[in-house]
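In the two complexes that follow, subunit A is the common piece, with subunit B as its partner first and subunit C second.
And now, the complex of A and B:
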């Protein structure tokens, strides 16, 4: 069970990367999604360019750029912070695009009714639009989280000791057939971590649907 | 002093609306061409006409869901010129006095019927939850849907949803109600429930402007019939007189199409 304990050593780092980047994304994407749907053309354009730029470049390239390409004075990213910032920025861009889709999927009539009733803008946004948009995007957010969990393994390339990095280290030390074992275990662990997210998301979605239609 | 106070009060409960020279175009496409309408307090005005005439656009200009390019709107002591900058205060005052009911109901699907009616009261009028809920229950009872208070709109029929939407608009104590084809999305039998609520409202002296294809309703309930065609009002007056003896050829053609089918 050496292989298993080696892989497990990377688990806290995998979770740290995933949850930190997800937290950055979930919050940072809100203003960006609002900007993406802004009626002010320059605001929308800047947001659009940011999203397309970030999404257009592979995560591994972002991580290398952040880790090795940035030096401000004496400041340089250490591997973990480069990974968190990189995965975080990418999450901001992807989640903003998901939110935008949700915001725009709320029927126009909902806004018209809110305007006709004279609801203040904040009540319209937080009381009418956001709850409906959240119902629309919650499965996509969960899907993104599962993807992010697996993408966090890319951090192994900039020497962050998460699960895949630990597997590689073990494999290097055991150049026999045993070297494949940590990869099998890490695969199973990723599945084990993804399943509860997918399950929770489905339960939440079903519950929200039931609340509205039952 | 007392006399003027009472007349003011009487006027406050019966508010009319004056629209002058409203024009609207999308690019080169004219939708409203210099339309004026005077709605007397406590009266029902029915807007009829062929589709594409600009009826709905005109109605939506009254509460500025559509922004006319020019013209003036006078309501409840406020004069609004939508072609120029409209202050947030004037816009709020306008929407406070004018309630609206849509063809597609536009209830909030994530709220129960009760919350649909209470939420705007809390946010717009600052009523407490208890006050709002009490008023909502009165109104839901008035439209015959007290037992649906705890249901989400998805669980209500179209006619029920439209009556909830009417209750939601009434809960903000508007002086004028706009109805944009309120029964067009409903099958005829269900539409009757909605029309009967509207008849009661009219009988209570609510000022109403109704875009409709329900000719019976227009004839029996409205005080003024307004016929629109080609972005203009082509005829207006007593509904019975217009329906039995239209002056314009275009009106005659339209009425023949809707009445003799």
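And now, the complex of A and C:
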């Protein structure tokens, strides 16, 4: 089980990358989602172009841009920070799009009822729309988290020692049949790691359906 | 302006890379859709063995990162004496990916067809085969179109991972140019633009189809 322990050595880094980028995304996507649904046309347009541009460029390009392209004075990204920032930017764009879908899925009647009750705009947004939107999008967020976990493997291309990088290292040292093991194990590990999140997503989905559509 | 002039100089070399990227994406989509349909039929088959096999292929194709599947084909299988050219390995890995994702989309599409269609078809005495291939599938595929287009875009972007096994695609061309004169910022920005000018309009077309289908649903 040498191969397995080699792969496991990369697990903490994989989780660090995934969770850090997810944290950046969850928070950074909030203002962007608001901009995407803004009634001010230029704000909406800029936000839309940003989201589509970030999603239109493969993650590996963002990582290479940050790792090799950015040099401000003596500052350069180290591999780990380039990976976290790169995956973070991509998460912001994807999650903003998910949030936007949720915000727009809240029935208009909720807004109208809130206005009719004389609630101020901020209470309408944070007290009425956001809680309902969150319920609607929580399964999609969980699905995105699984995607992000898999995408964190791309960090191995800029020499971040996460699970895939460790698998590569092991395979290179073992030119025999044993060398295929880490790839199989790491694949199983990714699937295994995504199972609890997928389960959570299904549970949330079922609860959401009961809460919103019942 | 210096950037534009440099970009113009880089562009011919980048275009050959882009050609390879499009080729890999095209092959993996062209092979992935029919395989996806086959997988979706396996997953909803009555035979337990067939169903389990289909499910395993789909879950691995969707659950493992594309990069891992790529390495499995390019670095893993040669240890058993099964070696591929890097571009072949990239096509195989992305085909698996495309087939797994599109099978789920097709299955959802087929399941979304109203039961009444099958019942009506049975009542008219149409054979089971024709019911599936002529009544249910065409309708199911229609609602699967936007999702399948999304898979195509995902595969095009996924070709960038083939850089990691030294396929001379867009990313690799960019890296080669960059390592000559160290203008990494310019060159990767240009690479990003090359990907974006294809992915962005493709996404807009997908959204357009999505809205159209939603209107007729």
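Just so we're on the same page, the second predicted complex is superposed on the first by the 205 of 214 C-alpha atoms of A that agree within 3 Å, B and C clash if a C-alpha of one lies under 4 Å from a C-alpha of the other, contacts with A are read in each partner's own complex, and residues count from 1 in each chain.
Throughout what follows, a residue touches a chain if its C-beta (ideal position, glycine included) is under 8 Å from a C-beta of that chain, and two chains touch if they have at least 3 such contacts.
None of the values given here were measured: they were computed from a predicted structure.
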item	value
Which of subunit B and subunit C A:127 touches, first, second, both or neither	first
Contacts of A:156 with subunit B and subunit C, given as first, second, both or neither	second
Contacts of A:118 with subunit B and subunit C, given as first, second, both or neither	first
Touching partner for A:199 - first (subunit B), second (subunit C), both, neither	neither
Subunit A residues touched - subunit C or subunit B, whichever exceeds	C
Contacts on subunit A seen with subunit B and repeated with subunit C across the two complexes	none
Contact footprint of subunit A on subunit C as seen in their complex	59-60, 63-69, 71-72, 75-77, 79-80, 157-158, 160-161, 163-164, 171, 174-175, 178, 184-186, 188-189, 191-192, 195-196, 199-200, 203-204
Touching residues (chain side subunit B, partner subunit A) in the complex	63, 65, 92, 95-96, 98-100, 102, 104, 106-110, 119-120, 123-124, 152, 154-155, 165, 168-169, 172
Complex interface listing, subunit A residues touching subunit B	107, 109-110, 112-113, 115-120, 123, 127-128, 131-132, 135, 211-214
Subunit C-facing residues of subunit A, complex	52-53, 55-58, 60-62, 64-65, 68-71, 150-151, 153-154, 156-157, 164, 167-168, 171, 175-180, 183-184, 186-188, 190-191, 194
